[in-house]
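Have a look at the structure below before the remarks.
Labels run A, B, C and D following the written order; every chain starts at residue 1.
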Amino acid sequence: MTEAAKLARRVAETLLTREGTGPAWDIQIEAADEGYSRLSMRVRDDMLNGYGSTHGGMLFALADTAFAYACNSRNITTVAQSASIVFLDPGKPGERLVAEAQEKSLKGRTGVYGVTIFGEDGRVVAEFQGVSRAIGGTAVE
Amino acid sequence: MTEAAKLARRVAETLLTREGTGPAWDIQIEAADEGYSRLSMRVRDDMLNGYGSTHGGMLFALADTAFAYACNSRNITTVAQSASIVFLDPGKPGERLVAEAQEKSLKGRTGVYGVTIFGEDGRVVAEFQGVSRAIGGTAVE
Amino acid sequence: MTEAAKLARRVAETLLTREGTGPAWDIQIEAADEGYSRLSMRVRDDMLNGYGSTHGGMLFALADTAFAYACNSRNITTVAQSASIVFLDPGKPGERLVAEAQEKSLKGRTGVYGVTIFGEDGRVVAEFQGVSRAIGGTAVE
Amino acid sequence: MTEAAKLARRVAETLLTREGTGPAWDIQIEAADEGYSRLSMRVRDDMLNGYGSTHGGMLFALADTAFAYACNSRNITTVAQSASIVFLDPGKPGERLVAEAQEKSLKGRTGVYGVTIFGEDGRVVAEFQGVSRAIGGTAVE
């Protein structure tokens, strides 16, 4: 494991511990590296919309969390500025979704990250793109 | 209250009852009308990110819920296809956020909705734009 | 006409003169005010896509120009950071399209603008949302 | 060259010939394959904004063209439904920009494509994401 990967893992674990949402949604860190993260989350009943599939807000929330860990991976405090998501396939009740975030570009303080959400069978559930802004300071001690 | 507003209110209340998320997040319906909804949600500790402000996923989730009620307001089953959000100001712990969704355009099966999230003091916290697709059938009986 | 509207008009006219694109596309300024602009452009044959309707790039270009005039209207140099567009109805060959840009939110250096493109018959052709960033300095002397 | 690549090349060349915009902007096809295209365009003076760099509309237009060729590459008529772009670095006067479009996901009639615009020195100028919808029929004979 590289030093960069170790740092990324430590940032992700610290943010997960510190935030209210990750534990509430029972998010698991599957992998973390520089500009990269892969998370998983099981779709609970309290994450379903009125049509019985995963609420778009929860799909976004999972992707946004992966995005946050990836864009903070160098331990420079970085916040989301904007994001967009395309919903391709419903997330099913009970399945474990995986969100994989990858840095696409970094220019000065601005970064662009792509996040793909996969279903348990490997199908693509949603495509997310986020724009981050580094605001200085460190994410973890 | 017009018939259209009564129907929109009934759709919103039914979706809120039926979905797992709205009750879990304790979302309140402040108003509902044709192509319109206004919701509120108090920011709880389990909705905070690692920097102590409202998680972007929860801001999106609130806006997405308002969007869903607005685009289903005519009682035609309608799903979100894509959405984008711009984060302007942090949502504070404990404050009651308001999301106001308005239909901007409707063309065939496709609708475009704008949602603004306001803080308790009236400042704009986020701007959301969603694209919906009507898939037929009724949202509620 | 208010002083703010006069300044916005002067900024729009100066940018239009200075840029290569506006004159190349024969863009007309219909109105300009603080945080606002309304432009028109006739769809020429060299603006059509392979299916005979207005190229998405030209729809975006028109909206982006309206956005630029609106976000520079206070004479503070401001650049586009990101934007999204939803295509609702084809732009027809020969018709005069109108793009109306309105400021939705402004927070610090960041602004959010909505632009609607209308066809000659008033139908909505596209909905655009742009995020701007003020970088300081004046847009015009 | 595979049959799929030959077809993609033929679709791209036909669309380029048929559309008004590609020839007007002097777009060159560098490569084409299934779900993929790479185009280049030199930044002319009539493509500059009021601050002397490439107009955001022209960056979008180039990316949107690459997106169109990629999403029509299987010779099924496909249109853009929505798109978003993040501007990272100015496009310089006179430089040859390259846009590379890649299919990220395809589900039923809906596709998601990423397009990166590179400057002549390889830096990333913009990141684009487009959503397409297949409407049936063939793009070329």
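In the analysis below, contacts are C-beta pairs under 8 Å (C-beta built on N, C-alpha and C of every residue); 3 or more make two chains touch, one makes a residue touch a chain.
Just so it is clear, the structure is predicted and the values come from calculations on it, not from any experiment.
More C-beta pairs touch across one of B-D and A-D than the other; that pair is A-D. Distance between Cα centroids is largest for the pairing of chain A with C.
Homomeric contact chain C/chain D is classed as same-residue, with over half of its interface positions used by both copies.
Our note on geometry: chain B versus chain D, Cα centroid distance of 34 Å, whole angstroms.
Centre-to-centre separation between chain C and chain D, using Cα means, comes to 22 Å.
As a whole-number value, the distance joining the C-alpha centres of chain A and chain D reads 28 Å. Touching of two or more other chains is recorded for residues 81-82, 84, 86, 110, 131 of chain B. On the chain A side of its complex with chain D, the touching residues are 84, 86, 88-89, 104-105, 107, 110, 112, 114, 116, 123-124, 127, 129, 131. By the touch criterion stated above, chain A contacts chain B in their complex at residues 14-16, 18-21, 23-24, 44-51, 55-58, 60-62, 64-65, 68, 77, 79-87, 139.
Those residues of chain C whose C-beta lies close enough to touch chain A in the complex are 81-82, 84, 110, 131.
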